[in-house]
């Protein structure tokens, strides 16, 4: 990916397939990547929230990166999540990612400790200095990090050349539109604004967002590619129809019994169950200590796949 | 610390002194420990929230542990924070801590991902299995972790021998009392309940809490030791008077301009400024990317130290 | 408004103009209504959040209703906010509204006390029984009420004929889309879904929402009418352009110094300042005890009106 | 109650007994008051949160006030809740309360709209001007009102003679201690600081709070009176023992099935069920649209009463 290539289109945040003993299942990961490339995605993003990056050891993270770079083989850009609590810890993940040969880096604000925008700015500046010229993307996911990245900070970091774009998983349409407006007003050409929301992609594309990083894209990459192409072609009606279908497919995250597991486990478990039922990965386990979907819950995903036309 | 020694008394969560170039300042750390031991503390806790553990690299964490164990030299127990996002990452810190020769381990629930109590239970069980017989303490700090540890889970883990106690930094007096009541009802002898609140220690000790892990104890260990001794001796009036003095000393965390730094930076910066002004540490810097207190703010800490009788 | 007339289009929630002595300024209210009708709005909604209904006495509420019904004179439907803490108190406002001759009623869930969906359902059923056949709309505004109306409850109340539609001011695009999908799936013909968000109207209309209840529409009714007409005509580009202009006009709510007043006062004060500067109302005062915008703040609204082409 | 009488001791916030048809049950209310006076309370507070004041019509509020003033007959002070959304609406309740002959008034900050401390200050000043010399108390209950009263505002209003004290139901021990410290530092003699927490009364009294307004005191006034007397007599051990017993009695609020009713309904329903089982009131119904405890839930309250020694 050269400097001038702006991130765009469908870039699913890949799950990390695991073996029954909680090792990285590299064969399943390679199949997942093949499934994505066949589906027509414009890039892949590993070790993000969907990739359970914060659950993996440093060695496991490295395995995921190397497996992905090898399997993708330059066909699309590979973005690597380098998510950790603070600047120096993220910097260590950046080193690993650079060695693995990825095409871009994705980092959140520091978390656990409460930070101020001025501190987040220092964080990204230091990370950018360690990135060896690779594009660095800010990842805005307030429910996980505890902080919302202000639009003015994001676009200021873009103006300074610190970050090449943002993945907005805040779910706040107003701030996403503010980002798009500021980008235009500041003439931030080449600065990528991607949404992380699975269920509002047609809207986001219509008001100027460049693409989507949908967890649900693990299960249905073709659907998101169709949605994106319809939107780009100006066929709002087809885009909305596709979005509505995917909206209902997203109901799989509500299949698991939330009295026995967390929200993250329920959502990721459903994505993995879908991929398992579709024959893409061998085992639907989520990372320890997450509770996995049981057989009944996995079976309940099937009719929702069917309804969405996935077999 | 033998199996039978229950944690009790004053166990400050030590700050990590840094050099102007953000390295661990081992000489200052040794002086801080000397200051604490002279103050009469019953233990020290390193690499917690006050210790900026989540800001440090693995190497820096190891340096802090080794320096502390050497400086304490067995005079009191050394507790090590092993805080990280998930079970396997925490387990890696446990290995380092075991090698360094600490006396106890302190872990939070997983964070970044949203977890369920059943998942938190699995987390602590796995950690306990890695602890090589050392006591493991649960650290309940909802504003940082995003989850409140239910009292019933904490005491259940105690009954199962998974954890040896809890440090409650939730600031929720009701749940702290619930813990104390459940401990009595379940006859959990030897299970330690420590409060992490600096400003309600006399109350907590009065209703049955065993001790305190006060960030402000970095600055005034003797004060907390006096408070604890008064409470144990049944002199509620002296305990309250000491608490009231420390309550006002705690105002140092409001000295910094919050429009330019986060809450964590303001509080930790004030603790370090206090220690710097008292001549205990050489440099009041907080960990990168935290904004440090400026000279004016540091100077503003002085009169509050004076008012509290610290010189 | 007959039974079959579904709410649609632009229905601004009118502010309540006040005199310098905090009385209802009926002459200014009549002028505001004239301004709205000239702008082409499809209805008006009085005594909502923008109308400061919860600040007014019962007598003042009655004055607003009577003035509005007289000034509108049947040209468009008049919706009346009947917002209060609990069922019986709302019912009393319904009686007043019925006597005044309004065309529809708008009620929130109970607030102050914490309620459950089953309790909210009882609330709306009782209100519907008191409504004398007038359409009743649910008003979903979680930041004020403390509860989010579940989509399934809203559409269930629609199926039961209890409510005729919903005004969604939750700002949560996902739940708004869920409402629209459920309406289609449940074949709830004639059930109105209106958004209360000023800044995402083109998106909402594109995915199937029927209209908008924009506070900012007080200041620029024509803009919202143009936006709505463009969207209905299928000109997404023109709709987005108009929305972008209104998005920037909405910046007026950030003009006031938030260190001296609350968020409600800043927003409403800006709407009233805009109307005052445009010569529509005589006095920009907000209801007691709200702090009013000062002269400097009012003056700062002017260039934002100019930028938006309002003179 | 003369000007010089500072509020102190146990002042339960009385529930409002209802008939099966949701009318105020004045006979049961009179018996409840008799039960309280026999229990030795120092005052009664009607139309607060426990009194479901926000659920009652103006007429019902008046009935409660008149019944209470008549039944108390001057034996202890009667405080009246005058809770409503905004200044003028509260002022109207003040008029009614003055006519009924109460001894003090209790008001929250405005709610529904978001207010700033400067606006809350204007609110209380205006209310004080309408109070005809009766003491006005600020009621701090953030979960209901959406705002926390800053300690500095509360004590400033005390210095200005606007309010005579505060009922703190924030559940935040730190801010309650801040209030007590500021009162001492500002020499605010006669300014009452009361806690609204049922389960931390011994602590609060130990650090200087004057008394308690416990919802659970409806069910066990004698228990709170014993607790208060023990604390005042300096018998911390007896106070704690009594508090521990009441802490466990408070478990009655968890008896109801929270999947079918809200938190308010579960707590108030339990208080009323307790009074019903003790023969004090005739019907345990909570105000419409609250879901009432069913027979099974009511029966489940009995063993908890028994365990606490209430028959």
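Chains here go by letter, A, B, C and D, matching the order in which they are written, and residues are numbered from 1 within each.
Simple rule for what comes next: a residue touches a chain if its C-beta (ideal position, glycine included) is under 8 Å from a C-beta of that chain, and two chains touch if they have at least 3 such contacts.
By chain, with names taken from UniProt: A, B, C, D = 4-hydroxy-tetrahydrodipicolinate synthase.
Note that the structure is predicted; figures quoted are calculated from it, not measured.
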Number of steps on the shortest touching-chain route linking subunit A and subunit D: 2
Superposing rotation of subunit C relative to subunit D, computed on C-alpha atoms, to nearest 5°: 180
Fraction-based call for subunit B against subunit A, same above half, different below: same
Taking each chain's C-alpha mean as its centre, the one farthest from subunit B: C
Rounded Å distance between subunit A and subunit C, as computed from the means of their C-alpha atoms: 37
Centre-to-centre distance between subunit C and subunit B (centres being mean Cα positions), rounded to whole Å: 50
Where subunit D touches two or more other chains at once, by residue number: none
Every chain pair meeting the contact rule: A-B, A-C, B-D, C-D
Subunit D to subunit B touching residues, read off their complex: 171-174, 177-178, 181, 197, 199-200, 202-203, 206-207, 236, 240, 243-244, 247-248
Subunit D partner contacts - residues on subunit C that touch it in the complex: 49, 52, 54-57, 60, 83-89, 92, 110-116, 118-120, 122-123, 126, 143-146, 258, 260-265, 287-291
